[in-house]
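Here the chain labels run A, B and C in written order, and each chain numbers its own residues starting at 1.
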Amino acid sequence: MDRKIKQRIAFTTFRIFSVSVVLMLVSILGFIVFNGAKAINWTFLTASPTEGMTAGGIFPAIVGTFYLVVGSMLFALPLGITAAIYTVEYGGETRIIRIMRIMTNNLAGVPSVVFGLFGMTLFVNKMGFGSSLLAGSLTLALLALPLIIRTTEEALKAVPDSYRTGSLALGATKLTTIRRVVLPAAFPNILTGIILSVGRVSGETAPILFTVAAYFLPHLPDSIFDQAMALPYHLYVLATSGTDMEATRPMAYGTALVLIFIVLLMNALVSLLRNSLKNKNSNE
Amino acid sequence: MMKRKGKYKKVMERGTERLLSASGAVTGIVILFIVIFLFREGIGLFRSPDVEKGYALYLNTKNPVEQLTPYEIKQIFDSEITSWDQLGGPNKAIRPYRVDDIFKEYPEEEWGDHYELLSGKLEEVIKSDPNIIAFLPQRYAPPVGADIKELPAKNITIAGFFGGKEWLPTATPSPLFGALPLISGTLLVSFLAILIAVPLSLGVAIFLSELATKKTRQVLKPVIELLAGIPSVVYGFFGLVVLSPAIQKIFHLPVGETALTGGMILAIMAMPTIISVAEDALDNTPRALKEASLALGATKWQTICKVVFPYASSGIVAAMVLGIGRAIGETMAVLMVTGNAAVMPVTPFESVRTIPATIAAELGEAPAGGAHYQALFLLGCILFLITTMTTVIAEFVSKK
Amino acid sequence: MEKRAFKKALFFVVAFMLAACSRDNSSLKITGSDTVLPLTQKEVEVYMRRSPESKISVTGGGSGVGIAALAEGIVDIAQASRKMKFEEILKIGSKGIAVEEIVIAYDALAVVVNNDNVISNLTREQLEDIFTGKIQNWKEVGGDDIKIIPYSRETSSGTYEFFKEHVLENKNYKNGILSMPATGAMIQSVSQTRGAIGYVGLAYLDKAVKAVHISYDSGRSFVEPSFENAGNRSYPIVRPLYYYYLTASESKVDPFIRFVRSDEGQQAVKQLGYIPFTQPAPNNDEKKGEI
């Protein structure tokens, strides 16, 4: 009897833990959504901040974040995907590949503020890009790189070997096999990784703090050497400065909601993709 | 025709392979670059003088004091040390002097068009007062000689950085770079985060892998993964407006921005990582083992304790280590909720200043190449080393 | 099918990059002090409403960052909440560039305590002792028996430096003082904390906190931080806010600066809670305003 009671106590505790973790998430989300929804309207999404950031909108920040996502992906995707192709398709299980994998894991663990420091010395100072979209995109690209490499590797590994041997047996070269057989088969999973990294890149503050972020830029940046506003930094600014805290708060809630919405959207896309993939596989 | 095409193809193949191998090495190169750039700037701190660059301290030669530590210099200019006999000199009151003081004493016309008369004026001032200590730019310093001496410049020491308890990076004449409060602040916040996050996460992981129905699991898992996706600045904002006032009220604290607030926010942020890695580890326990245990009459809980846990222990430890890594490096949320006071923390109910928050708050104003800038890079190096260590440990443990 | 879509995407990307690669110099760049930031932001806002074709970008980072960027020729105007340091003047002088300085407004710092605090007068000497940690309890300055919790700003802020220079007379803040990343956070903390004391720009004062009257003559007269007192300089903790620009680029920056100093521009100064520069200033302050 005694051990049954023990079990009941333990399991009840775990249930309570799980419920409280979920509650925590729901309350954070609910708090932001509830307060943010009041601030969001068409002007908020399409206008520049006015009246010392207490009115107007966050349009330049939305566009800035969009530019940063596009810019960082331009650098990170080709590099990350080809790196993964090499390690999976050509590398085998040699020592070099193992070292590369450790390096990738290591890079994934590096704190974002260290990326910011690195981006500031290399891109902003040494290479002379100044605080600009280019420097910020490059810094964010480095941050996204390990995530893209890892997910692409997993996607490629998930392609059955029979596909490859079949293609090779038909006389196709290795390159053709990869291009025509492996990549198309792995594509949906690779896409999942891309979307995840877009979500990550759009929410990072510390790496852009010193490489691109502008406090106030009423117009859109028109060159890659311009600074830009970005949503996460804008939220930080709204949350901690401003001459009138009471009046700034609704703007902050609204910005937080837009930021969360982007991340949620990315996550929803991923699970949709995964589900449709599962269905497709089970149909086959 | 066919042959040529074949040859062309072969060249293509080989070229592509080369290209691919080059990008395969990209993460290695990036890490190498990070190490080179971070450490070169960071190590430079120990080659920087402990008095602001381009400046020096000057004394009257009648004063027997020959050397001062940065901490003594700070105390002199803060009027905490007021007499020379505390420093091995005569029992006379110290007169700290800054270059700005001369502008108050002499009208503008007497400096010369390009300050060429400044040095002579300063010479007069120092000559006339044996108890003066003057902090002057070396360019306009009076000639060192029979009446005036310059305190010898020393470099910032490793012991001063890792052992110093005062972080006053913008103090003049002598900035103090004692990283101890920052390091211990970071460790305290991370420790609190892990203390809160690990039991909760393990509970949730066990629930998900052993107790939950398939349907609950399908709903819950993506929901928890969502927690990981929310940007840290949003958590920080939430902590700032909700959590820190709440903690102040609940514990009747004078201040709501405490290490505990930071720890709680970090715990929420680290949990998804820990849950998903731990759950994978629990899930990997072979069914046969569990069923054998149950068949021997053990309860489900006994099976989990005695069979599943030992089997998954390395994965669980790896999850914890990864969680620590994430907590230590987290910047924005901590910056917004911990109060950022650079003190040696005694209790979790005090404000602390962490390494990442310090970098984020101070890098903007630190002039590139200066000692303050280098000190922040050195902090970055420490952060990099700690997280690298956690990654390697996690890898090592999970291999076992 | 797929190939065509890919080509289209590639074309789009290349076009995007080409369009983005041109640097242009027509836009006016302002950077520097975070204290002046909200003011400049507001001025730019109003200015651009009048002449929408102008392009101006405003960024922060601190007074030092702004002046360094000006010396490098990266920006057109450096906003500063302090005068150029001696070293900075020398550095710019050695490059053979001439820099103009202009006062655009004044800012007063108010010392604030919790609304429940009985203290309403403090001398500069008491403030110095409080912020350097020599006085630790409110009863030592005639208040209740409560521990004093001084709040400071981050080291990167010009406000931190100004308060240190003018109130602490260049002494360092007490070790481990609480540092707030921004003024808003400071007000929130002081309003929640019974023993707190902090300092904020006059523009930020609101009912959530209580402003202390300050004496700079060892307690003979205490002055309330108000617009009037700051305007006529009877309140002591007042500082000018500056714009610095290269003499060579005067024609480019002139329209904007003239607007900021116009009646309309100074109206915005007032609205934000700063003090217009046109208020009468005593002679020694006027002199400080020149290099």
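Miscellaneous remarks
To be clear about the criterion, a residue touches a chain if its C-beta (ideal position, glycine included) is under 8 Å from a C-beta of that chain, and two chains touch if they have at least 3 such contacts.
All values reported here derive from a predicted model rather than from experimental measurement.
Of all chains, the one whose mean C-alpha position sits at the greatest distance from that of chain C is A. Of all chain pairs, the one linked by the most C-beta contacts is A-B. A separation of 27 Å divides the Cα centre of chain B from that of chain C. Here the spacing of chain A and chain B, counted between their Cα centres, is 24 Å. A straight line joining the Cα centres of chain A and chain C is 35 Å long. Contacts with at least two other chains are made by residues 60, 180-181, 185 of chain C.
Among all residues of chain B, those that touch two or more other chains are 240, 336, 364.
Residue numbers of chain A whose C-beta contacts span two or more other chains: 239-240. By the touch rule above, chain A contacts chain C in their complex via residues 50-53, 70, 74, 130-131, 133, 214-219, 222-227, 239-246, 248.
Taken in their complex, chain C has these residues touching chain B: 60-62, 64-65, 68, 86-87, 90, 93, 132, 147, 149, 154-157, 160-161, 170-173, 175-181, 185, 189, 192-196.
Contact residues of chain B toward chain A in the complex are 9, 12-13, 16-17, 19-21, 23-28, 30-31, 33-34, 37-38, 41, 199-200, 203-204, 206-208, 211-212, 220, 222-227, 229-238, 240-242, 268, 271, 275, 299-302, 322, 325, 328-332, 336, 356, 359-360, 363-364, 368, 376-377, 380, 383-384, 387-388, 390-392, 395. Note for the complex: chain C touches chain A at residues 13, 16-17, 20-24, 34, 37-38, 41-42, 44-45, 48, 55-60, 74, 180-185, 187-188, 201, 203-204, 206, 272-273.
Considering their complex, residues 54, 74, 77-79, 98-100, 114-115, 137, 139, 165-166, 168-172, 181, 240, 245, 248, 254-257, 335-336, 339-344, 351, 353, 361-362, 364-367 of chain B touch chain C.
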